[in-house]
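Written below as structure tokens is the structure these notes are about.
In this document, chain identifiers A, B, C, D, E and F correspond to the written order of the chains, with residue numbering beginning at 1 in each.
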Amino acid sequence: MLEASNLECVRGERRLFAGVSFRLACGEMLQVQGANGSGKTSLLRMLCGLTPAAAGEVCWRGQPIGKLGEEFRGELCYLGHHNAIKEELSPLENLLAAAALAQESLDEDAALDALEQVGLHGRADLACRYLSQGQKRRTALARLVHEKRPLWVLDEPYVALDPAAVELVSGLVGAHLQRGGLAVLTSHQAVSVTAGALRELWLGTAAASYGRI
Amino acid sequence: MLEASNLECVRGERRLFAGVSFRLACGEMLQVQGANGSGKTSLLRMLCGLTPAAAGEVCWRGQPIGKLGEEFRGELCYLGHHNAIKEELSPLENLLAAAALAQESLDEDAALDALEQVGLHGRADLACRYLSQGQKRRTALARLVHEKRPLWVLDEPYVALDPAAVELVSGLVGAHLQRGGLAVLTSHQAVSVTAGALRELWLGTAAASYGRI
Amino acid sequence: MLISIRAVIGRDLRLAMRRQADILAAMFFFIIVVSLFPLGVGPEPEQLRKLAPGVLWVAALLATMLSLPRLFADDHRDGTLEQMALAPQPLGLMVLGKLIAHWLVAGLPLVLLAPVLGIQFDLSGDGLAVLTLSLLIGTPALSGIGAIGAALTLGVRGGGVLLSVLVLPLYIPVLIFGAGAVDATLTGLGPQAHLSLLGAMALGGVFFAPWPTAAALRVALE
Amino acid sequence: MLISIRAVIGRDLRLAMRRQADILAAMFFFIIVVSLFPLGVGPEPEQLRKLAPGVLWVAALLATMLSLPRLFADDHRDGTLEQMALAPQPLGLMVLGKLIAHWLVAGLPLVLLAPVLGIQFDLSGDGLAVLTLSLLIGTPALSGIGAIGAALTLGVRGGGVLLSVLVLPLYIPVLIFGAGAVDATLTGLGPQAHLSLLGAMALGGVFFAPWPTAAALRVALE
Amino acid sequence: MHWNSLAEFLAMGNHGFYVWGSVLVMAASMLAEPMLLRRSRSRLLARLLRQYRAEQTEARRQRAANPGRSRD
Amino acid sequence: MTNRVINWFRYASPQTFYPLAGKLIPCFWTLAGIFAVVGLGIGFLLAPTDAQQGEGYRIIFLHVPASWMSMFIYLVMAFWAAIGLAFHTRLSGMMASALAPTGALFAFLSLWTGALWGKPMWGTWWVWDARLTSELILLFLYIGFIALQAAIDDPRRADRAGAILALVGVVNVPIIYFSVKWWNTLHQGASVSLGKAPSMAAQMLWGMLFCALACWMYSIAIALMRVRNIMLERERHTEWVRALLAQAE
């Protein structure tokens, strides 16, 4: 489904990585690993089409994502370093607004249910400004609860979460894989998914192997 | 040295915690733990005197910190969720500026050395805007390398760091404790310090207040 | 398609309502700038009447401009803009939605206030009517042009003020025709010619601006 | 103590240099607003000469005001302000340092530009000299008063525009005496009285303002 | 008494519009303010009562559910 | 001595102030009503026609009290703000926020009645006269205060920020007033000049006095009403409000 071939990333005068290739099928998850600054975030943004690659190509269902455009974006769910939530709005409103933006239908009950699942019941109507760091991240992650699009790209989803929440998110990703979804994620913590195949990709000199896969 | 008695924290209509008391002596470290939103950040800010407590008192060397004022602040090093670095300045400039602000004397060589220790050599002169999330956090943490003030208050110092960096920071904290310093920190990861006594403080009851998680 | 525009408008309006201060404060800025002028140039009513169209239009322009930096900046900072760029519909449409919301929040209140402020400058009934009409037609153009500038300066160092440098020259035609319409009325010529030119600019601003804006946003996100 | 003020000034100036756009753009904003006016009100030189002091002063005031929201906002967002509040010296002193840096970056360029722009309005040599002098004395007061507003609206919803609502009324005396000094020169009365009042306000602004500002910053950090 | 007729009183020497315009707006706003306050007060009280009752029933339910265990 | 101080602070606590205010409100309303009837009766029924301005001058019975109140209330507000900053009493912040809307209302009414007066007397709704201008600025100051408080949701933060603003404002009000005054007179007189105040007949003076007293009583009553609302809202989790609610049930 998702295929990257010979990706190269150049930042400033630095070549972060080159020749990164992999292929990801349904039900598989790719964990991108590497030291700080090895280019994980850059790689993920390339996979989404946010940053152009210096060389190489990303294909989705066999076609380059640049060509697919909206068709590809309609199947992609990206979660970056930033939470993409508005501090003024409540978690509930944020969740509904995010769904509307992605042209998904999410009714209020489903949204409330999602928030409850990520442990924010009782906070659903409090402006996000007042939430703790971890609660903000949970709000952002609540999108995943009812997310049905096949490709998830998650950049350090576990940051700021407590262990219980980490487990919960792992469960969500596991369920997604079991449904036949794909996931690409980065994390400095060990990732345990309950289902699906886990593949790893090491960036940078740490393992001295571009594309061990 | 540092003593908190009966601290209470009220946010909005919620009482986050009450009756929190502890005493921390030289060479001891307190790890504050609790689920997301249990009030760890709030507690740390109280200990620094940034937020007034709803009830209770924080004392340093036997005197309330409100009275000590600058005297207390001169012995405190606080690192919050935010990195307190300017995106436009390079790590080197940021480090020097932070030292100047705290009225410490840090020469350029020492600063460069600190940056090298946190793994930023080669990046010392790049604007922080270009750094990765983890590298930004490392820049903020570089302050600790030559930090001699006795009380460190660190809010989730390990966030966004790779395992190597986590170890490095643990080593710094350990050395600080061995020198007779005090440290208060929060982290959702397990903390291992090489020296000094580790005490734990649990806030909130995850099960009771957050339902399913 | 319309649904997603509606969603964007709805969200932005809700945000504005939540902030309230935003709407009120844009209006007050307009009021205060207009009231500052007499303090700067002196209180003679004769002179003030002559200045009125220019001052009111310049103030409207500045008030709009001040609200521009936040048009995309908030969405950029917290990552919402990335989500919009990745949404399965043209970014231009969503920009159009944001534009409409921006006008409702930042443009319309100025139009409604203008007659009251005109009185402070001792304008006649006719003058007041044309002033209001010219603002009603002209402010959408201001929002449209402003959006391009806001997108171009997004995430750029010193964005806020750089924005005004980019946008103000483009605002000049709107200012000239807007103030010109009122002036023409006051001097007895008809305002029609000015107003129809203003209308053309407004249409262009609203339907043409979203596309370069969307392109600029994509560049900002790279 | 002086060392820490110096450190703050040095850091802020370095940041401004790094951003550059900031300084340049504030100046361009000033230039553009001043140049917009003749477009809005028509080109008669007689009338323009009368307007000159008012327009230049209002433009200086708006340009200063535009640079205010960023005075503390950046430091607040990235956590530097917390560090300042925890530094072992009075916060007021550091605010004073930031004020001085702000004036050097946002006030001084306006002073240097004023004579050039005054020529556009056909001001006499005397008028130009007094205009420049009045700006030199008055802009520190603008920075000082503005800092209070910036601190009060820090981290508050709709901060940017709320700030102008709070600050503009307080700016009025400065505007009146500043424009008044030039006016008095043009009409043949001496500017001394106005200028000395302006000086008193500037002293008050610089030495009094840092304390309420520091208090407001502590409130914002709570 | 200064006036000869009601009509004269209302005309106010041709300044009726201005005088009564002032009186009307001033009276209206000075009557509206307390009325709005009264309304917001009754709404506030109703809301607080609702919250209070909800809390009470919640507390009672919890006590019934796990007697012996005090709040944690 | 200490006893008295403690006593004083007892009344500064919302808990004791709330019922006290509740008892006082009807008294002030009654007084306001009486004074208003007397004042307006004198002003509109008994007072003679003014020689220069005809009947139009009767706006004075509304305009002057409103103008006075708008200025007084700002002073009182700043006073409470200062107390709040100095002693951290909860009541003072609440009083300041309770006064602001009423002050703004009076400033608006002063402008409105003044404009309606100006049209027949000067032939224009508005001139940039010193007094008028400073009243307008006063309205802006009120609005700034209200907007600032509305923009901060933590009441304690809102109180402190508002107090700082009110105090800065109160230092500025005289400066503004004199600067505006000077500004206007330095220019070669406006083409429309202020009609001199009518030489007042004794009846006018009494009328105005009673109207002003009515406005005072009104302001006190309104401020007490509003402060009671604010207290309930802010202290809804305290024991005394709960006791109150239990009673109401």
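Note that a contact is a pair of C-beta atoms (placed from the backbone, for glycine too) under 8 Å apart; a residue touches a chain by one contact, two chains touch by 3 or more.
Keep in mind that this is a model prediction, so the values were computed, not measured.
Here the chain-to-chain distance from chain A to chain F, counted in touching steps, is 2. More C-beta pairs touch across one of E-F and C-F than the other; that pair is E-F.
Residues touching across the chain A-chain B interface largely coincide between the two copies, over half of the numbers being common to both.
Chain C and chain E have centres, each the mean of its CA atoms, that are 37 Å apart.
Here the CA centre of chain D is 32 Å from the CA centre of chain F.
Counting partners per residue, chain C has 18-21, 25, 28, 32, 39, 42, 157 as the residues that reach two or more other chains.
Along chain E, no residue makes contact with two or more other chains. Among all residues of chain F, those that touch two or more other chains are 140, 143, 147, 151, 154, 180, 183, 187, 236.
By the touch rule above, chain A contacts chain B in their complex via residues 11-12, 34-37, 40-41, 81, 116-119, 121-123, 126, 130-135, 137-138, 156, 159-166, 168, 188-189. Residues of chain F that touch chain E in their complex: 44-49, 54-56, 58-59, 62-63, 66, 101-102, 105, 108-109, 112-113, 116-117, 119-120, 218, 221-222, 225-226, 228-229, 232-233, 236, 241-242, 245-246, 248-249. Residue ranges of chain C in contact with chain D, taken from their complex: 18-22, 25-26, 28-29, 32-33, 36-37, 39-42, 47, 50-51, 53-55, 57-58, 61-62, 66-67, 69-70, 156-162, 164-165, 168-169, 172, 175-176, 179, 183. The touching residues of chain F, when paired with chain D in their complex, are 137, 140-141, 143-144, 147-148, 151-152, 154, 156-157, 160-161, 164-165, 167-169, 172, 175-176, 179-180, 182-183, 186-187.
Chain C makes touch with chain A in their complex at residues 3-4, 7-8, 10-11, 14-15, 18-19, 74, 77-80, 82-90, 94, 221-222.
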